[in-house]
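Chain lettering (A, B, C, D, E, F, G and H) follows the sequence in which the chains are written, and residue indices restart at 1 in each chain.
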């Protein structure tokens, strides 16, 4: 049983926590938070270079790319076509097949457009990408993404950046029971450590988060909390919890009381 | 010669390759990606592709994101 | 900020997790689980010696009492008088003033008899005991226990051994806001790692558990999960979580999208 | 002489101290506690307290508990 | 099975909903809301008359005291003694033995002081009062109130006026299983119709509320909603719900599909 | 404000509760339960006639089709094509354009295949059907169904027949805020009265249920409970609930206490 | 002549209309619907449509469902 | 003669009964309750109880409450 390691498309990463690199108060805080998180994979966005000025220190200087794999995303893309274009640019810039595929269907909630997501997944898988699609908790869609060749499915458990934590344990549990052959990585909605522990306890293979860490008052400390919570949740999943009971069961022996 | 780079109009010398454009703009060619008229151009071909009037060029890099 | 240490009655213990020693499948599993839990304090019960036979290896041989303090309980006592008697015997046997005070008011739920609990607390505090009373989430009672000289209050969050986890966040939060000057240690109800993380995130000073670990399929692994969860929860509490929002907030920048 | 130990009737020699009772029962005196008729007896006094007819003795130790 | 009727101390009232009379925008709204609620019992507070001015139209003019019984409360009392004094005055003013007994233990949460509550209950029962004590969800206390002669127990399910609804289904359920011989009337915490339905479905004998109705944008409409919700919840309790299942079960036949 | 009426495709029905006709212990119980429910629309399935024997009393004899509209469903269909075929047969048999469109994507959970659902909706709307599609709580899909001409959207709140009640208040609330121009009718997952009240309080326009009533120990009584709960929930939605507060607010005046 | 009705093989007289088939099977023609080879046949056309060898007929009605 | 009524100082004629006090204050005697020095006075006794210097009187009625 390998508690800490997560295998995606045949490659094994020494952490089940994937962290985003956006919205940190500073590059230095980002660097230290990423390090404390123990993440072996971090997401990055693909954006136009700023023609105006000399680019000063860049995010990539803050990441030890020997230790940490880059997972480019297609954040902000509203159509399959845009997502595919962005993925191709990401591969060229990062020299890696990994892509976190996002096709956004609603600007207010950033919920996925599963139809566009499936279409883009099919195209990119054909082109040899390792596709990690951001989706919701619809197991019918998850199965199709898997059948289309996705390397993992990444369901949200609450809106991106909402910090609400797992909203629907039933659908997540059913999805986890359905998707056994590729990793299920919870993406979006985690606000605090226990949120991450809960989904890992249910059997998620990993967790991806950004705002929950970057937006905390002390991102470095929260990064460490998340690292421990993911490991705790995984260990608890493996350890096999006690059944829930409505009534009490004494933990001290009944016999031998003084009278 | 008029082209569009990252959505902004720019002047480019006729016959310039993409690599020459990058140089002229002072853009390091590593860890970026270039798209010409909607198609990605592989790094090794940047010096083989010549620009034409009204070409649309996108030059991107990685930034922090979730 | 001392994330890991818990101070009770002026003495500091290097862990915020207190574990019980009952119901393990074997003494060896108990020893290893206690060690993996990192607990610096473990509870024990006081029972008549078995006159019949030579007592073989005893629990105490399984505990490194140099590293781990013993916290005797009055489990099973139904009256203040019995609890006081048991506490006095515990002090004589353990040569320490620490006592986890239980006065049980209902056999089915093992809910506390707060009236008897207060009475016994007053008696024992006068006699110099360091009293850690097991109570429910009634802040009026908690305040009285504190005023009676209790060294901590130990509210349940669900019935003992039920593994249901925190049932009432509102009363616990209000209690935590009320009791600031002595530790609040959640006692009873924790079933899995996230249950422990949640109460620590809310600001509990520590967690005491037994069945959640001893009853797991793999107690040693669950002990480690609980250790990490308590630390994760505490760190998250200190780190300051993001506010919960109903709507999404993008974690990748809006500007610089390709068109 | 008849006494009760941990709720069970027992014979004890008249004039025995609690310590002698423990010895007779083969009970190690460390990490236990003794109660005589509802009062705890300190370890150092075990050899000073003599048993009387119908005394109720409780001898306890620590066991696993939550 | 008498769905609608609630029997307290041998007297039967034709509604399981008891409403408070405080905080309505106007006496007229109060009158109409009470009528729409269908309540057969309403609570009133005991306060000093205003010496300054002629008392204009009074609340009692708004209540048809032939149809609706008055249930005076001891709201605001912080000691058993004050509560007993207030109860005696209430009996003199209302010429009835009914008293809603409150002994407040905390000003911020208005949680009960169960110790003082028990004391006052014992005194008033001796004096022939029909005592309806406002308490929390501590079944050990509930049992003592019953044994002290209380005519019902009235547990809160959330802080008074909070509108949070049932916070702890486990403790309420255990309390309902314990107290079978006198009514259990949920008092305080109900914010909206479903909150009332939920506790009735669990087997509560009645619900008492004030702010949830009086504080609504349209108190008269909410009063009707609460009336229907209490009846719906009671009917559902009697009707016996389907078991909860994690998986689906088709409601249309499997056979006879066209092919 | 018309509390009781539900308007679908320009036609107004005098109840917001739609009930299924499957799984009742007997035709007589079905008849009485439907009557008690007050439903003005009931669902029926389309199945092959049994060639073997003379069909005895049929369901339709149990329904007063003057008072109650028939809503045929495509239950059990796994493809858009089957659903379309079944819808056409239903129109011929029922002489009405109403169709409850189901395209099942998973046999274990009976979750919808939203892709097939959209395809079938487009076809049937073109043929003049009044399409009421059974979907999940994906607002991106809901918007497309509306844009495709669906007369309402009918999201599940838990698996069909599970009786789990609303599992994800966040997604339902976001969907209700998005779909304002056609009715949102909660279909599937309701187990008991409060489940129905809760979704109506959130602003759902109606509720459709079958197992929750038909499977109850006393279906006729539960039917009445559901009818009242739907009305209570709607009234509460219109009445405007009090805000939730963590702290208490007294419902009796502070002034005028005796001293 | 061999046809399929609701998935089961049946004998039908050559030239029979759907209506005649229903009569022969003792099926009331109201509140049912008939499909011939995957196409719905309107009630008024039941007596106009003649059956052919190997036709697939579906005859459905409403039953209780959710 | 000085007394306290509902916490406020008041003048009362010596020898007044509680009933006379109520009249003087224009208070209807029904649906109220009166407490004299911490003890409830039954309605029928209001005209039997005479006030003394420094008496503390509480006069209460029902108001809206939850």
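A few notes on this one:
One rule holds in what follows: contacts are C-beta pairs under 8 Å (C-beta built on N, C-alpha and C of every residue); 3 or more make two chains touch, one makes a residue touch a chain.
Here the structure is a predicted model, which means the values were calculated and not measured.
Common neighbours of chain E and chain G under the contact rule above are F.
Listed candidates were A-D, F-G or C-D; the one reproducing the E-G interface, defined as more than half of contact pairs identical by residue number, is A-D. Counted by C-beta pairs in contact, the busier of C-D and A-F is C-D. Note: centroid distance chain B to chain C, computed from Cα atoms, is 63 Å.
For the pair chain A and chain B, the distance between C-alpha centroids works out to 33 Å. Once the centre of each chain is set as its mean CA position, chain D and chain G turn out to be 96 Å apart. As a whole-number value, the distance joining the C-alpha centres of chain G and chain H reads 93 Å.
Those residues of chain F in touch with two or more other chains are numbered 20, 22-23, 45-48, 73, 75, 85, 89, 108-109, 111, 159-162, 164, 170, 174, 210-211, 214, 246, 250-253, 256, 258.
Residue positions of chain H with contacts to 2 or more other chains are 7, 35, 58, 60, 63-66. Pairs of chains meeting the touch criterion: A-B, A-C, A-D, A-E, A-F, B-C, C-D, C-E, C-F, E-F, E-G, E-H, F-G, F-H.
On chain F, the positions that touch chain H within their shared complex are 250-253, 256, 258-259. Chain C contributes residues 105-106, 108-109, 111-115, 118, 136, 138-141, 143, 158-159, 162, 164, 167-171, 174, 178 to its touches with chain E in the complex. Listed in rising order, the residues of chain A touching chain B in the complex are 20-24, 30, 43-49, 51, 54-55, 58-60, 70, 72-73, 75, 85, 88-94, 160-161, 209-211, 214. Partner chain C is touched in their complex by these residues of chain D: 5-8, 25-27, 31-35, 38, 40-43, 58-66. Within the complex formed with chain E, the chain G residues making contact are 7, 35, 58, 60, 63-66.
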